[in-house]
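To start, I am sharing the structure in question, which I have written as structure tokens.
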Amino acid sequence: MERIIRGIHQFQKDIFGSEKELFERLASGQSPEALFITCSDSRINPNLVTQTKPGDLFIMRNAGNIIPPYGAANGGEGATIEYAVSALGIKDIIVCGHTHCGAMSGLLNLHKLTSMPSVVSWLQHAEATRRIIEEKYQDDTGDDLLTDTIKENVLVQLKNLETHPVVAAGMATGRLTLHGWVYEFETGKIYSYDPSQGKFVSLTNALKELAPKEQVKGA
Amino acid sequence: MERIIRGIHQFQKDIFGSEKELFERLASGQSPEALFITCSDSRINPNLVTQTKPGDLFIMRNAGNIIPPYGAANGGEGATIEYAVSALGIKDIIVCGHTHCGAMSGLLNLHKLTSMPSVVSWLQHAEATRRIIEEKYQDDTGDDLLTDTIKENVLVQLKNLETHPVVAAGMATGRLTLHGWVYEFETGKIYSYDPSQGKFVSLTNALKELAPKEQVKGA
Amino acid sequence: MERIIRGIHQFQKDIFGSEKELFERLASGQSPEALFITCSDSRINPNLVTQTKPGDLFIMRNAGNIIPPYGAANGGEGATIEYAVSALGIKDIIVCGHTHCGAMSGLLNLHKLTSMPSVVSWLQHAEATRRIIEEKYQDDTGDDLLTDTIKENVLVQLKNLETHPVVAAGMATGRLTLHGWVYEFETGKIYSYDPSQGKFVSLTNALKELAPKEQVKGA
Amino acid sequence: MERIIRGIHQFQKDIFGSEKELFERLASGQSPEALFITCSDSRINPNLVTQTKPGDLFIMRNAGNIIPPYGAANGGEGATIEYAVSALGIKDIIVCGHTHCGAMSGLLNLHKLTSMPSVVSWLQHAEATRRIIEEKYQDDTGDDLLTDTIKENVLVQLKNLETHPVVAAGMATGRLTLHGWVYEFETGKIYSYDPSQGKFVSLTNALKELAPKEQVKGA
Amino acid sequence: MERIIRGIHQFQKDIFGSEKELFERLASGQSPEALFITCSDSRINPNLVTQTKPGDLFIMRNAGNIIPPYGAANGGEGATIEYAVSALGIKDIIVCGHTHCGAMSGLLNLHKLTSMPSVVSWLQHAEATRRIIEEKYQDDTGDDLLTDTIKENVLVQLKNLETHPVVAAGMATGRLTLHGWVYEFETGKIYSYDPSQGKFVSLTNALKELAPKEQVKGA
Amino acid sequence: MERIIRGIHQFQKDIFGSEKELFERLASGQSPEALFITCSDSRINPNLVTQTKPGDLFIMRNAGNIIPPYGAANGGEGATIEYAVSALGIKDIIVCGHTHCGAMSGLLNLHKLTSMPSVVSWLQHAEATRRIIEEKYQDDTGDDLLTDTIKENVLVQLKNLETHPVVAAGMATGRLTLHGWVYEFETGKIYSYDPSQGKFVSLTNALKELAPKEQVKGA
């Protein structure tokens, strides 16, 4: 804790001043660009990875970036999503898994989690992921198995997300777009699910496609 | 979304290289110092405020930094806490509220949330906060009322946190310490609850007390 | 009740004999072709409409042909679906709404259902339908409004259905196909949702497409 | 599915015309005689067995014809019952089990259902049945054991049904009558529970008793 | 509290000595005669009313002597009943309401309980009582209305009790007997429900019938 | 049951008369001094131990004197507490465990409770107790282990109690005081938890401290 408290002191002394204006402006309200849903894993910092500033991303984090279907849990997930869409008018929701995820590793080894009953119970909301892996990836092992689990889980959680009324209505009217990502923190790359290709592709490609469009806009 | 995708590109091009070694090391596992529980509010970046790096903080975020009591919800909160304490051996849990919190403002105006039933339902886990405010802060108004609500809510959520078995056992054996904070983002200050004084005090003071101890350690 | 008991007598006297062999064979087990999910409405008889015999359709019926998402209810829906897919090896699931549905009419008039709290609570699993109608069909009135609600609800319930692990895994491996239908009982027609057209089309067309394929098979 | 779609075509072409008038009349509303609760088993067609037409029976079907007690489940059972009694003014509720029921067979072999957790969970609402069998039918084996389980379960579900407020009130005022039946589909017979005899008796007898009464009515 | 603490002192000084032997014997275990379920109301002391000693009655008390149906609540009621029947071998369960019950008065005035949401929610398990009163006792007012509510509630809670598997099995095998009582504390009388008469009758009569039987036993 | 019915007769004949006035006065309402929460165990009679009369103690009893945290159960505990504090204005809540508690013995031997699933489920609300014992009392055995479990459970249930909004608000304003007791029925002594000493101490000492204060009051 001492390191953390020293860090806070350093933030106040060295950093806050340079962003003072931003923070003062934010005191009057937030209007973030996206809802970013990711794992509690300490190795992820959404603002670092996206090079965004305070005020840019509304962030929900739990073990395994899991989103129980509507009505399936009375935890914070449904309320946080509803608040983001209804109160803040969020137009994009990103579900971002990550490589080496401990929660997904647990899902593949539920029998090892007997001393963590709340985790086992929570992973019920990723049971569809587990069954897809069991039935479709029977030849997978090791890192491949874990990575495929992480990817399939992002897709399962997007399905769960779609059952939430504010999300369903937002998609039906075209106001809201969902994004499925996996962050490979050991390379710094992010892969995004492309429904037309039926697979995850590097976001760098997405950027290339963005570029000309942006130029047109800028013209 | 374009700005976010450009930011990712910039992170990969300009930032990742300088932390490459850290990220590669983290691929083998995480051992964060603390579990940091805070609001989904876009204006908070726990790693920025504490000047910590990837791997340092296990982070749970939802609307209102609320922790339902053990058994009161089957959302991600209980599981994330259990995972942090049991699987990662976390020794410090920080519950960090923040000024101008929209969720707490909602708690004071539940009748305005009829179009957000999941939020209303979620705020049931802060109903103790609402009743404390109603009965003890009858003369409060405006910003004072909201700030007192935010502070009392941190204390209520600490009480809720203590009902979780891994937390109760960790506290009974002295392994685990809880911290109640409020982040005043417009000044960059963090206030910490001091049970001996019965109030929130600036963490800068805490740092002053840390200093000599640290020197001894360093000697 | 007298009419019903007389009907049973008539069935035993006049009808059972002609199907005796079928019923005796079925005593050794069932292997239905599809799981047919429809409303409890008295005006629907799935076996009549599809001209199927005992043993052909595994049938689940409740008010509004609603399927709570996985984990959102501990009623019979999830178990019946799991039994159909896991124990019986069902390969097709039909969700069949119908015109003039009283449950969907109730969904559009929740304020009139105060004396039926269980119905109101049950319709929570169709809340996504209600919000889609509210946001996307603002100009609809009367019969059009009800019919669009019935159609959108079939699509919402298909989304809910996809969150069930056995369904998700069945779809991921291609074993299982979902069908969204609306039965217009006053004309005897059934409309099926065609994802490629994004709308419901008469099943008679589907039959035309089936025909040649069948001939090939029959050849 | 092809057979089913051909059947629909046949229904439209050959059958619908003869009942056109009935279906058109039903478009203005339903007033069914009874709520018929039975298993999803494909071998049961309530309208066939009772020789009733569209509009006659409001039908609820799930695996095992189980009715969770009031408040014990938020599935469709409670709502469907409430709708039948409150909205449709139903005066008779039939709970109809059937021979060779797979759900009841599962109840006697819960340890074989580990791959069907939702079914196991659902059968909790028939746990009273299981314990009655365990304690009272210790000498039963094979088909007798299964048939006794099916019968006892109908009685248990009637008890569960009586806890629903609309049912309790309907019975208290004499408006509503409950019936416990078992359909022996291999013989086409239906057995009805007679409380005065404390056992299930063939409905044919009931008919004999009805006959004179009816004549009087008809006279 | 002072009066209570003085009473404890007095108990230790003046009373405990005379029952020392009984309490020492009870240290090795309890084998109570009955499970006595009654209201938390301060005016009821089951041991006083029945002139029983420590060790005689296993006692469950909550507001309104309410017993949620099996599966409808995860509070202590189901567990306490299961423990009484399975672990202690209890053979008689008494559900004892009482005159002037505040909980039942609340059930008749739910709109006055908005500041007590947990009470409103709890009274859902007596909703059958409320509807029976509403439909069958339309001419009742004042004390009659409250007393009839108290009586009907005892019967409703007996129905709820019967859905618990250990109770259902105990009744099916004849091991277990249920009793419905109302205690009129202002006269000291207890009324017991007599199913053959369909009404509550004074227990004094029951005693008269007991007398000869007892003599035979004693002979 | 015969002994119980004879006891009731004896109460009416011999006892009621001497308290007639008290009971008649109580017919107009109750205003108990404290809410007394204890186990259903037959060996405890709160009124006997505290030498209090009808009207003095509002009493809640269940197996293990367990209080689920706010929102963790929809049983009678939360409602009974809310009613005591909000409707009756109770100022003191006593949670009273007792020696030789069968429920706590069960908590230490959950694997022996497979035939009592509702009890196992109920003991989840004492899971914090179980983990504290497991981690902090590793050298305990036999009676010491059980007694320490009983004591720790009283403290855990007090923590659970504090999460209830009416309790949290009552404590925040100083209106409400909580007391943790253990009743040693084989000696007739009651031990009360003293937070300043961090242990349970005999209530006789508390009385000594009360005495002079009382004299001052009396003076």
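Order as written gives the chain letters A, B, C, D, E and F; numbering starts at 1 within each chain.
Definition applied: a residue touches a chain if its C-beta (ideal position, glycine included) is under 8 Å from a C-beta of that chain, and two chains touch if they have at least 3 such contacts.
Which protein is which chain? UniProt says A, B, C, D, E, F = Carbonic anhydrase.
Keep in mind the model is a prediction, meaning the values are calculated, not measured.
**Student:** Touching both chain D (Carbonic anhydrase) and chain F (Carbonic anhydrase): give me those chains, sorted by label.
**Tutor:** E
**Student:** Using the touch definition from the top, how many steps at minimum link chain A (Carbonic anhydrase) to chain D (Carbonic anhydrase)?
**Tutor:** Tracing touching chains, the least step count from chain A (Carbonic anhydrase) to chain D (Carbonic anhydrase) comes to 2.
**Student:** From chain A (Carbonic anhydrase), which chain is the farthest off, judged by mean CA positions?
**Tutor:** Chain E.
**Student:** From the centre of chain D (Carbonic anhydrase), which other chain's Cα mean sits the farthest off?
**Tutor:** So the farthest one, by centre of C-alpha atoms, is B.
**Student:** Based only on mean CA positions, could you tell me how far chain B (Carbonic anhydrase) sits from chain D (Carbonic anhydrase) in angstrom?
**Tutor:** Averaging C-alpha atoms per chain gives centres 53 Å apart.
**Student:** If you average the Cα atoms of chain B (Carbonic anhydrase) and of chain C (Carbonic anhydrase) to get two centres, how far apart are those centres in Å?
**Tutor:** 46
**Student:** Based only on mean CA positions, could you tell me how far chain A (Carbonic anhydrase) sits from chain B (Carbonic anhydrase) in angstrom?
**Tutor:** 18
**Student:** Identify all positions of chain B (Carbonic anhydrase) at which a residue touches two or more other chains, and write them in rising order.
**Tutor:** Within chain B (Carbonic anhydrase), residues 68, 72-73, 164 contact more than one other chain.
**Student:** With chains as vertices joined when they touch, what's the shape: line, ring, star, complete or other?
**Tutor:** Contact pattern: a closed ring, each chain touching exactly two others.
**Student:** Starting from chain D (Carbonic anhydrase) and stepping next to chain E (Carbonic anhydrase), in what order do the chains sit around the ring?
**Tutor:** D, E, F, B, A, C
**Student:** Once bound in the complex, which stretches of chain C (Carbonic anhydrase) touch chain D (Carbonic anhydrase)?
**Tutor:** Touch residues, chain C (Carbonic anhydrase) against chain D (Carbonic anhydrase): 1-12, 15-16, 20, 23-24, 26-27, 29-30, 32-35, 40-45, 47-52, 54-64, 66, 68, 72-84, 86-87, 92, 94, 99-100, 102-103, 106, 115-119, 121-123, 164, 177, 179, 185-190, 203-204, 206-207, 210, 214.
**Student:** Please output the residues of chain E (Carbonic anhydrase) touching chain D (Carbonic anhydrase) within their complex, sorted ascending.
**Tutor:** Result: residues 68-73, 124-125, 127-128, 130-132, 134-136, 152, 156, 159-160, 162-166, 168-169, 172-173 of chain E (Carbonic anhydrase) touch chain D (Carbonic anhydrase).
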